[in-house]
Structures are given as C-alpha cells and as structure tokens.
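Same chain, two partners: chain A is paired with chain B first, then with chain C.
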Partner chain A sequence: MNLKEWIFTTDHKRVGILYLIGSIAAFGVAGIMALLMRAELSAIGPTVTADPTTYNVWLYAHGAIMILGFQIPALTGFFANYCIPLMIGAKDVAFPRVNALSVWLFYVGVILALLTFFIPDPPDVLWTGYPPYSTITAGNTALYTFTVLILGFASIIGGVNFLTTVAFMRAPGLTWGKLNIFVWCILGAFVMQLIFVPVLGSAVTLISFDKYLGTHFFDPAMGGDVLTYQNLFWFYSHPAVYVIFLPFIGVVFEIIATFARNPVFNYKAAVYGGIGGIVLISGEVWIHHLYVSGMPDWLRIGQMVSTLLISVPVGLLVISLVGTLYKGAISFETPMLYALGVVFLFLIGGLTGIPLAITALTVNLSETYYVVGHFHYVMAVAGTFAIFGGVYYWFPKMSGRMYNELWGKIGFWVTFVGVNIVFWTMMDIGARIGLPRRYYDYAQFPEAASAQHLMTIGAAILGVGFVIALLNWIIGAAKGPKAGDNPWGSPSLEWSTVSPPPHGNWPSPPSVSEEWSPYAHGRR
Partner chain B sequence: MPEFKKTVGALLALAAAGPALAEKTIPTAARIVDPAAGWDHLWRDVLIDITVIGIIFAMITAYLIWKYRRRPGNEQGSAPRLSAAAAIGWVVIPSFVFMADDFYLAANGWQLWNTFREVPADRLEVQLESGMYSWDYTYPNGVQTQNELKVPAGKPVLLRMTSRDTLHNHYIPDFRVKEDSMPGRITYLWFYPQKPGTHVVTCTEYCGVMHSYMAGQVVVLPPAEYQAWYEAEGAKVKKAAAPAETVGKTPA
Partner chain C sequence: MGHAAEAVQHGHGGHDGHEAWGTSVWPFVISFGVLALAAAFMFQFVYHKPFAAVIALGLGIPMILGGVAGWVSEAMGHGEGLSFGAMGWFILAEAMIFMSFFAAYWFMRLDVAQVWPPAGTVPLPRVLPLVMTAVLVASSLTIHRAEHLMHVGDQGGFIRWLLVTIALGAAFLGMSAYEWNHLIHDGFTIATNAFGTIFFSVTGLHGSHVLVGLAIFLAGLVPAMKGNISEGYWRTAGLYWHFVDIIWFFVVSQVYYW
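Presenting the complex of A and B:
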C-alpha cells in the first residue's frame, strides 16, 4: 500500500475512502471550532478571545466546513462512491478518472477552507456570506467564494458520474424497482445538486464581483438589491439540507433493514412519495429563510404552506423507516444504535421545525438559538450520527476487520447524552428568552449564563464521544479481528463480495435472480 | 451593458414585487389585538400539537423495538408482503392526516400573521435607521434618540425601518417581534406596549464585528410622562432648528 497508488487511484472504493478521510479531518477541524465557540460562550464577557472577529471567523469556519467540507462530501462523496457501484453490482463508476478529479478538487476545496486559519484577515462572513457586509468587510470574501466554487464543482462532476453509473451499469436483473433505498436517495440528492449548485455558485461569485471588481449587484445605492443574494443563496441552500438529508436517511434505511432483517416497509411509497416528493418540493420553500427579511407578505404566507407540506414526503419516509421494524428480528449492534439515534434526533428536529415553518411564529423564533438547536437536531447531528453509524456499518466491508463493539456502544451513548444536553438547551433558551445566534457575547441576556455554561459542558461530553468512535475505527482498522465477508447477514450486493473488495469488486460480474432484493433476508 | 443592467433590474423588481412598505392598516374602532399575546397563544398550541405527535411516534417506535427484538425463536424478520390496497392506504391515509394538521396550523398561523402585519390606525409612528452599531429613532416631531425608544403605554407603535450600511434586525424579545432593516428598502414592524417598563432591543441579523453588542431598549412610560418628555424634547428640536437661535452655537 503506497501513497502514490492512493493519490492516483481511480478505484471508486479508494476514492471513497479518500473522501472519508478528508471529510472526517474537516469534521475534526470544524468540531474544534465548535468547542472554541462553546468555550467562548461559557460565560459573559471575553473568555477565550477578546476579539469578536476571531469568534466570527470560528463561526464562519464551523458552518462552512461542517456543511461543505464534512457532511456533503461524506454523504455524497464517501458513501456514494464506496457503496453505489457495490450495491448495483458494477465494477466501478462510469467515469473513474472524472471521479478521481472530483476527489482531488474536494481536497483543493478543503485546503482552501483550511487556509482560513493561516491568512491575514480571514473571511468573517459566516457560511451565508450575506451582503452588504460581505462586500465591505476587511475579511477575505474571495476565499469564501473560491471554497464554495471548488467544492460545488467537485460535487457537480460527482453528480454526473453517479447518475450515469446508476442508469447504465446495474447488474443484469437489477431493475429500478430493486435498487437499494440508499441508491435512490443519492440519485435524488445529485439531481438537486445539479439543479441548485449553479445558483449558489452565481450568488457567491457576484459578491466577490461586487467587492473586488466594483459591480453593484447588491448595492442599493447603485440600483442593486441586497435581497437578491439571499434569494439566490437560499434557493440553493434550502435544497442543500435535503442533499444532506436524503443520503443520511438512505444510510439509516440500509442499517435498519439489515438489523431488523426485514424488507423496507412500503418501498414504493418511500421512493416515489418520500424521495420524489422531497426533490419536487425542495425548490419551493426557500422563503422560509427570509420570513423576517421584508419579503412580500403573500410570498411569506404561500411558502408557509409549501414548507408545512414537506411533512408529507418526510412523514412517508419516516413511516417506511419505522414500519421496517414491524415483525422484525431486531438486534442492537453499534450501527443500529446510531440509526435508531437518528430516528430519535430527527423526530425532535423535524417536529421543532414545524413552528419555524409558521411565518407568524418565526417573527419571534427566527435568528435565535431555537433555530440553531433545531437545525443541529434535524441535520447537523442527525446527519453526523447517520455518517458515524454508516461508517460502523460498512467498516467490516472496507477494512475486512471488526471494530470493538463495547467501545462502539460507549461512544454512541456518550455522544448521545452530550448532544441532547447541548441542543435541547439551545432550543430552550432560544424560545424562552430569545437569545440571538451569532453572538460573541450576550451581556443583555444575563439569564442565559447558566444555560450557556451547561451547554459548554455538554459539548465537551459530546466531543469525547466522537473521539472514542474515531479511535475505535483507527484501532479496529489496524488490528481488529477478521470480520468475514458478510458479518451482518445482509442480502444486499455489497456484502456478496470479499472484504475488502478487490479492484473490480467481483471476480466475475454478479447477476441477480427474480426473487432477489437487497432486503430479501433469509431468502437467498 | 445597459441591456444587462435592465435585465438585472427587472429581476430585482420581481424579487421586490409587492413592496413591504405599504403596510395594511386596520381601522381605529376595531379592538387592538396584542400580537405578543397571540404569539404566546399560538406557540402553546403548536407545542402541544408537536408534543402529542412526538410522543405517539416515539411510543410506537419504542414498542416495535422492544416487541420485535431478536431473540431465540425470532431470528428472521417476518414482515408480511403489503397488498396493493394496504400500500396505497399507507400513503393516502397518513398523507391526509399530515395535511390536515398542516392546514390547521397554516390557518392559525395565517391569522396571527395578519395580526403582525395589520397595524392599528391609532398609533405612534417612529422612523428607525440602523447603522453599525446603533439604533437611531426619529419621532414625528423630529425628536431623535439613539438606542432608546421611549413610547407611551397603551398605544401601538409602528417602526418604519431602513439601514444606512449593512443588514440589521430590530428584535424586541418581550414583544415577540423582529424584522430586518436593510439599505435601499423600507420594512416595518409594530408592537403593542401596555404597561410601563423597559425591554431589551437587540440585533438579530449579522451586521459586522460588534453585532452582539448592538443592543438598546424600549422604555414604556406612563402616557402623561411620555407626553411631557415628548413635548419638552420637541421644543428643544424646534429651538435648535430656528435659525436666529443657532447662530454661533453648535446644534445640540
């Protein structure tokens, strides 16, 4: 195993693992930013840094890197790369070299993002980059623009690749109706990426044009308009939460079906109603991020209804997920704990999103810690749990070895406790006293101090839990016991080859029978 | 280039359709509904709604997890194949249940939204210009204050807001209301102070380095006290504005 072979690899599994390593590294860095922010907020007044800009840079780095450098690449880079060819019985993706290019670009993007910590005047525009501030700040808005563009580009070429791969490279007999739910989720996610990323690209390009080239797209004094940016930005970034949501719920579907030894409940409802419905609605709800931004009243009310209606496809997915447990034979290894953890976190996150859909309630809740608590539950932490559960689940396939089950469970419970302390408390102080987000200090809210302190302790607990999981993987990959090819007893195709699979995946391409489905447990 | 500008301009106009500054007014005679009280009421209802759904869901899930755990005699899943009718039923019925709840919530939300947007005709109107990092209020008689909005108890207050630099958001947690202020646009919010007291105002749109320090307060005064203050300050403004008086002096 030499480094050059890895860097120049075109094997989808290695490309996937490179994505995993890069995105976990990004998670580590952004996680440290989170801990720094939590430490700063533990008491009123300066704690860790006396300079608010430093805090704002942490916040920028945390948000941008978590989303663009960790979750999207881990889900649509790592899991998609590693699993999709294996799940559809293909030797590799359709364009292996383009695939290698996409992971290189991803690394360039991550390096750009990390430059934040080395250049003078790093970006302090938060991950949303709203003008006019982003066009007048001393911070380096261009770095933000280029980071987004490069990572977006990496994702787009990944998207073209996977849509082609799934369309044309399925094993003989593997019809569309037999695809793993995860594969459908990735298809949905990439369709959205292809449609919406260019919009984000244009938005972030225009702020750099305004700042460096003297254009006036967002400058009202010269006939521009500040809200245009927000519309463009959220036209992408709302769908982006489904780009994260679909793959992570897809991972959870795979885990739950395997550990319940059941087929997915009402598969077609999940695919057409759930995934299809989300892709359809995703582009019609972005105004819910602009409920208090002076948008026309009719638009705010119209998108309240479309936003509430997201509950229908999401509800169908959750019913399929929970229904899969019915008459199952459920066992509770670490991946399953994470998957059930996601169900719990997503339930809380999803339900607490309902008040945020209601325009009149956001007049108080918007831009407070209630929102921060909500979206960490529904996306940030639920997604991270799914990623961790998924890594545990496919760990024996990737490494051929087994992680330590006891430490896996300990890591899960520690994280789970920490997460709930932090993010429940956030929602509570946000709704109860209206503590605003993006605050370096909060002297005008003295009553928040004890809750802030508690959250800092919770964040430390949660951090310990994640470190346990990471160590468990590293140690397991190096010297865990041999796992066998199919330790969980799943009929899905990725488990039908040896662990770890060789280049080309199978000695001869698999084909599947009429009765086979990835969830036909005990019927092989 | 002018072509291009025009296109962009048209796009912008589209985004701005239905200008937010033309606020609706409700007639004086109507009883004034306090939006903050309405907020608390709807919030409670919605909390009950989501808590009930959450508990039902969590209990069903917990039951399934317990009942169908793997144990001797239950080694393989045995989920029955769904009949076509059951499959459709499992889509249509839940969808209608969810939609019913959605529309119920939307209807309530719509009503409260109107309360937040329809300003009573009998009101105090104050202009707000926000800037990095202060709230600058201008009263109808020209009185100006910074970071302190004095208002009489018992009278709705309408703020017409704009910004001279970045985005800001005027949030008064006690009155459950916020709205962005931004350059090049005028937005508004209103609230209904009923008892004397002070309330925090704080910025809830990231506006720059000192964003978290951009705080002020709403001071609600008994009407008579407010009137006295308002007139005294108004007189000072008049005096300062009168040309003869200001010669040789720096205006206050």
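Presenting the complex of A and C:
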C-alpha cells in the first residue's frame, strides 16, 4: 500500500475513508472529553480538576468536535463520499480535486480543534460562542472562529460537488424517482448546508471581528446587539440538526430496507413530503432557541407553531421506516440492530422534544439537564448509532471482509444500555429537580448526586460499547473472513461491483433497466 | 486495498494498478496553506507575536498561490464541463454570506439605533461610488465580450478583452483603497461607531470577492496565453464575476445611498 497515493488521493472512496478515519478520531477525542466531564460530575466538589475553566474547555471541545468534527463530516463526508457515486453508478464525483480539498480542509479544521489542548488560553466559549462572553474572554476565540470557518468551507465545497454529481452523473436509466433514499437525504442535507453554513461562518467571523479588529456588531454600548449573533448562529445551527438528521435517517432507510427485504414504504411521500418538507421548514424554526432570550409574544407563538409543524415531515419519514418493516422478512444482523436502535432512540428524543417546542413548558425546562438529555437522544446518540450501523453495513464493501457478528451485537447492546442509563437519567433530573446544565459543580443540588453518579457509570458502559465496535472494525478489516461482493443480497448499485471497488468503480459504466429499483429484493 | 480490486483492473485492459488511482498534491498543499494563514492571524491578534505571524504568512501565502497555480495548470481543460452549474450552487452560498452581513446591518440600524448615522460618522463621497459602479458594470460587459470572442474562436481578442476586464477590476480595487485611506485619514475607521463597523466590513467583504475574481482570471490567464483556453473555466469565471458585480448594487445602495 502506497501512503502517497492515500494522502494525495482524489478517488471518492479513499477520500471517504480519510473522512471516516478523521471523524472517528475526532469522536474519540470528544468522547474522552465527555468522560472527563462525567468523571468530574460524579460527586459534588472538585474530583478531576479544581479549575472550572478547564471544565469549560472540555465542554467546548466536546460539543464543537462532536458536531463539527464527527457527526457532520462522518455523515456528509464519509457516507456521502463513499456511497453516492456508487449508488448512482458514477465513476467518481464531479470534481475529484475539490473533493480532496474538502477532506484536507476538514483535517485542518480538526487539527485546529485539537490545538485547543496544546495552546495557551484555549477557547472556552461552548460550541455556541455566544457574545458578549466570547468577545471578552481571555480564551482564544479566534481558534473557534477558524475551526468553524474552515470546516464550514469544506462542507460548502463538498455540497457544491455532490449536488453537481447527482444532477449530472447518474447512470443511464437511473431517473430521479429511482434514486436510493439515502441519496435524496444527502441532497437535502447539502442544500441546507449551502444555504445555512455561510450564515454560521459570518456569525463566527463577526465575533472575531469584534474581539480582535474592534468592530461593534455585538456591543450594545456602541449600537450593536448580542441577539444578532444568536439569530445568525441558530439560523444555521438549528438546520444543522436536520443536516445531521437527514443523512442518518437515510442510512437507516438503506439498512432497514435491506434487512427487511422490502422496498421503502411510501417512497414518494418520504422524499417530497418528508425530505422536501424538512428542507423547506428547517429555515423557519431557529428562533425557538431564543425563547428565553427575549422576544415579543406573537413571535413566540409563531415559532411554536412552525416548530411543532416540522414534526409532520419527520413523522412521514418515521412512518415510512416503520412501514418498510411491515410484513418484511426481517433478520437481525448488527447493522439492523443499530438501525432499529436509531428508530427507538429517535422516537424518545422526538417525543421529549414536544414539551420543549411548547413555550409555556420550555421556559421552565430551558437551561436544564432535560434539554441536554433530549438533544442527545434525538441527535447525538441517534445520529451516532446510525453512523455505527452504517459503517457496519458498508463494512464488507469497503474492506472486502466481514466483521465479527457476535462482537458486533455485544457492542450494540452494551452501548444501547449505556446511553439509556445516561440520557434517560439526564432528562429525569432535569425535569424533576431542574438541575441546570453546563455547571462545573452542583453543591446547591445535593439530591442530584446519586443520579450524577449513575450517569457516570452509564457513560463508562457506553464508552466500552463504542470501543468494542471500533476494535471489531479494526480486527475485521485486518483479518476478517472474505465477505463477497454482496453479502446482504441488496439490489442497490453499490453492491453490484466488487468489494472493495477499484478506481472507477466498474470496469464499464453500469446502466439500469426500467424494472430495476434499489429496493427490488428477490423473495427468499 | 485487497486483491479483488486488481482483478478488475486486469480486465480493464492492462492498466498499471498504480496509475489507476488518481492523485493530486495541490489540494493538500492549499489546505495546509490555509492552516498557516489561520496561525498567522492568531499569532498577530491573539498572542501578539508579529514575527511568528510574518513567518506563518510567508509559509501560507506561497503554499496557497502555488497550490492554486499548480491545480489550474494540472486541471485546465480536463474537467467534464460541470463547473458552470456548480458555480450556481456556490453563488447561493456566497449570497448567504452577504445576507448575513446585511442582516447584522439591519439589526443595528433598524432595531438598535436611536439616530442614524451615529455620532462620529464623516460624510461619504457621493461621486466616487458612482464611478466605481460604472467601472464594475463596464468590467461585466467586457468579460461578456471576451467570452463571446472565445466562443467564436478569436483567441487574441479574448485575451485582449480579458486584460481590459482585469484592468477594470484592479481600478475598482484601487478606488476602493483610495477611499478607505481617505476615510481612515479623516478619523473614520472600522472601530469608530456602528456605521464604521458596517461600512468597512461590507465593502471589505465585497472587495475581497473582487480580489478572488481577479485571482481566478489571473490563474487562468497564464494557460490562456499559451493557447490552453477552457470554455468551461471562463464561462464559470465570468458567472462569478457577474455575481460580484450584482452584489455591488446591493452594497452601494445599502451602504452609500441609504
């Protein structure tokens, strides 16, 4: 194996695998931050560190790296890169060099994020970077700005690349109505990235302008407004939830259709109503993050309605998922366990989000552990389970080898138990005793101590589960048994080439017939 | 990668397996050039180490310029002609950046400000922005003319009108620099007040786009002089230039004449 060919590669599969390696590394670092925070919180008073600013840096690194360094790059970097050209029967993406640029900019962004642990005055601005704190802190806000800017730019050029690829490079006969639903999900995610990431980039640029160049965008004394930042930030960062959600639900669709051996139920409603609806509404709900920042009542009510409204397209997608299972010949291999786990976790996360959409309830729940538990269920854990399930699902295609099925299932169940211990408890103490989030210590809430202790144990369990999965992949890639080209028996195009696919993917470009569909499973 | 990959490449018609995987060093070089620029900013403004900042700039700028030049000479004329459509998506993203800056402006002016313009604002020139507008519009027309000549196969005419476009873009930047210099000399800076913040941020943002447009032209000019003229490249570059021109109307109307 030639290292230079990997580093300078422009091939979409290798770029994808580079994305996977980088994002899993970021996941490991951000996961360690989470474990450090959990260890700190396991008892009242200082346990791991006596310096609350250190805790703030962990909190910043955990959130920023998990979202910007792990979930978005794994979903829109790795899965999009690896799967989309294969699924649409293309030799590569439209702009292979731009693709290489986006993966290396992603690595630069991750390097910047990791510099947090090595530089003096690391950023301590959470992943949100709210002014006025971010413009007056002694921490290095510029590092945060550049991390977000560079990862954002990588994302934008990736989006341009994939939208062009799918529009112009589909195999002959592969019409829009025959695309894998994952491809539609990625298209929706990238349209949102193109519209919303520039706004985030501008917002974080303006805080560095304010801090280092002396501008007054967010300085009330000089005619600025901190709410400008909150609006710009959440104008991206709420849709970011759907940028994560759509690809991960797309992965889950592919897995469930394959292991239920059914076509996607209600494909058109899922694509036009579900994905299209989310893209349309995603830009109109960000203000619900500002419910307690101060706004007129009419705006609160309007935001409540649009926030609740977005559960309609999301519901369409969930109905399609469950309908795909109906009367299916279901088998429970490891990817399927993860996919069903996503449906379960996402339902809990989604249903516990309804109280947060309703203004009368959210003013009480806001800034408590309940919120943290909710968004970890709906986005963090559900998304991560989908990523792990997807890596298991396409593992034989990528490596040509098979992982260990028993350890795969053990890893799943350990993680599944761990996440439910942590995040259910989190919602519970948030709702019952109103434990405020983000704090370094909780001496005023001694009744939370036993729950905090339990969550630390749960975090250790889920950490073990993820490590089992990672080891399973490494060992499987090195010495697993040969998997064959199509171990799952899926008619989708990516399984029609050899495993692992060569440069160019097929000896000659594939074309598909009138009757073909990525979900036309034979009976078994 | 496993042996299965090689098996197919055998059936491919005797390709050497090592040549089959496409590579390019330039994306890697540019990315780390960007890292050096970020480091330069932090050395200068966060850690106040100007010497280290200069070193980082000295590394980053050649890496990015060299990377772009290498990329263009490697790729010019080898694309599949899809860049024109892709530029449309990229322009959507660019437009959102300008929208964000304008949104910050509208928040300040319409929501927060009691009086506008705030104290400390000096009167802006009235005539110069009109001249700048005329120059930029003219450059949009000249690049259109150049594209037309390229299309009919007149390479010499194409290069002449391209050079005129570059000259007009440079003149625009020159007038902008003159104006900035003048205003800063009068004590009106980016830190003076809310309007100074907006004025320099928005015109600076637009100016940086003019600069990028000129860079795209210059990067393609060298291969073009040697006769390597890619129609897809120049149509895409022209589209970007028209976008920069159109955005200027919003800048000039929002910032200068409102």
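Keep this in mind: the second predicted complex is superposed on the first by the 522 of 524 C-alpha atoms of A that agree within 3 Å, B and C clash if a C-alpha of one lies under 4 Å from a C-alpha of the other, contacts with A are read in each partner's own complex, and residues count from 1 in each chain.
Just so we're on the same page, a residue touches a chain if its C-beta (ideal position, glycine included) is under 8 Å from a C-beta of that chain, and two chains touch if they have at least 3 such contacts.
Computed from a predicted model, the values in this text were never measured in an experiment.
Chemist: Please work out whether A:Thr228 is in contact with chain B alone, chain C alone, both, or neither, and reply first, second, both or neither.
Modeler: both
Chemist: So in the superposed three-chain picture, is A:Gly201 touching just chain B, just chain C, both, or none of them (first/second/both/neither)?
Modeler: In the superposition, A:Gly201 contacts chain C only.
Chemist: Name the contact category of A:Trp298: first (chain B only), second (chain C only), both, or neither.
Modeler: first
Chemist: If we overlay the two complexes on their shared chain A, which of chain B and chain C does A:Pro172 touch? Say first, second, both or neither.
Modeler: So A:Pro172 meets neither chain B nor chain C here.
Chemist: In the superposed arrangement, does A:Thr9 touch chain B (first), chain C (second), both or neither?
Modeler: It touches chain C, and chain B stays clear.
Chemist: In the superposed arrangement, which partner chain does A:Val322 touch: chain B (first), chain C (second), both, or neither?
Modeler: The first partner, chain B, only.
Chemist: Scan A:Phe265 for contacts with chain B and chain C and give back first, second, both or neither.
Modeler: After superposition on chain A, A:Phe265 lies in contact with chain B alone.
Chemist: Is A:Phe217 touching the first partner chain B, the second partner chain C, both, or neither of them?
Modeler: Both chain B and chain C are touched by A:Phe217.
Chemist: For chain A, give the residues common to its interface with chain B and its interface with chain C.
Modeler: 217, 220, 223-225, 227-228, 231
Chemist: Sort out for me which residues of chain B touch chain A in the complex.
Modeler: Result: residues 5, 8-9, 11-12, 15-20, 35, 38-39, 42-43, 46-47, 49-50, 53-54, 57-58, 60-61, 64-65, 68-70, 74-80, 82, 87, 90-91, 94-95, 98-99, 101-103, 105-106, 108-113, 115-117, 165-167, 169, 171, 173, 176-180, 182-185, 187, 200, 202-213, 215 of chain B touch chain A.
Chemist: What residues of chain A sit close enough to touch chain C in their complex?
Modeler: Within the complex, chain A contacts chain C at residues 1-2, 4-5, 7-11, 14, 92, 94-98, 100-101, 103-105, 107-108, 111-112, 120-121, 140, 142-143, 146, 150, 156-157, 159-161, 163-164, 167-168, 194-199, 201-203, 206, 209, 212-217, 220, 222-225, 227-228, 231-232, 399-401, 485, 497-504, 507.
Chemist: With touch defined as at the start, can you tell me which chain C residues reach chain A in the complex?
Modeler: Of all residues in chain C, those touching chain A are 1-2, 4-9, 11-12, 18, 20-28, 30-32, 34-35, 38, 41-42, 45-47, 71, 75, 79-80, 82-83, 85-86, 89-90, 92-94, 96-97, 99-101, 103-104, 107-108, 111-113, 118, 189-191, 193-194, 197, 200-201.
Chemist: Can you name the residues of chain A that touch chain B in the complex?
Modeler: 52-53, 56, 124, 126, 128, 130, 132-133, 136-137, 217, 220-221, 223-228, 231, 260-263, 265-266, 268-269, 273, 292-301, 304-305, 308-309, 311-312, 315-316, 318-319, 322-332, 340, 343-344, 347-348, 351-352, 354-355, 357-361, 363-364, 366-368, 431, 433-434, 436-445, 521-522
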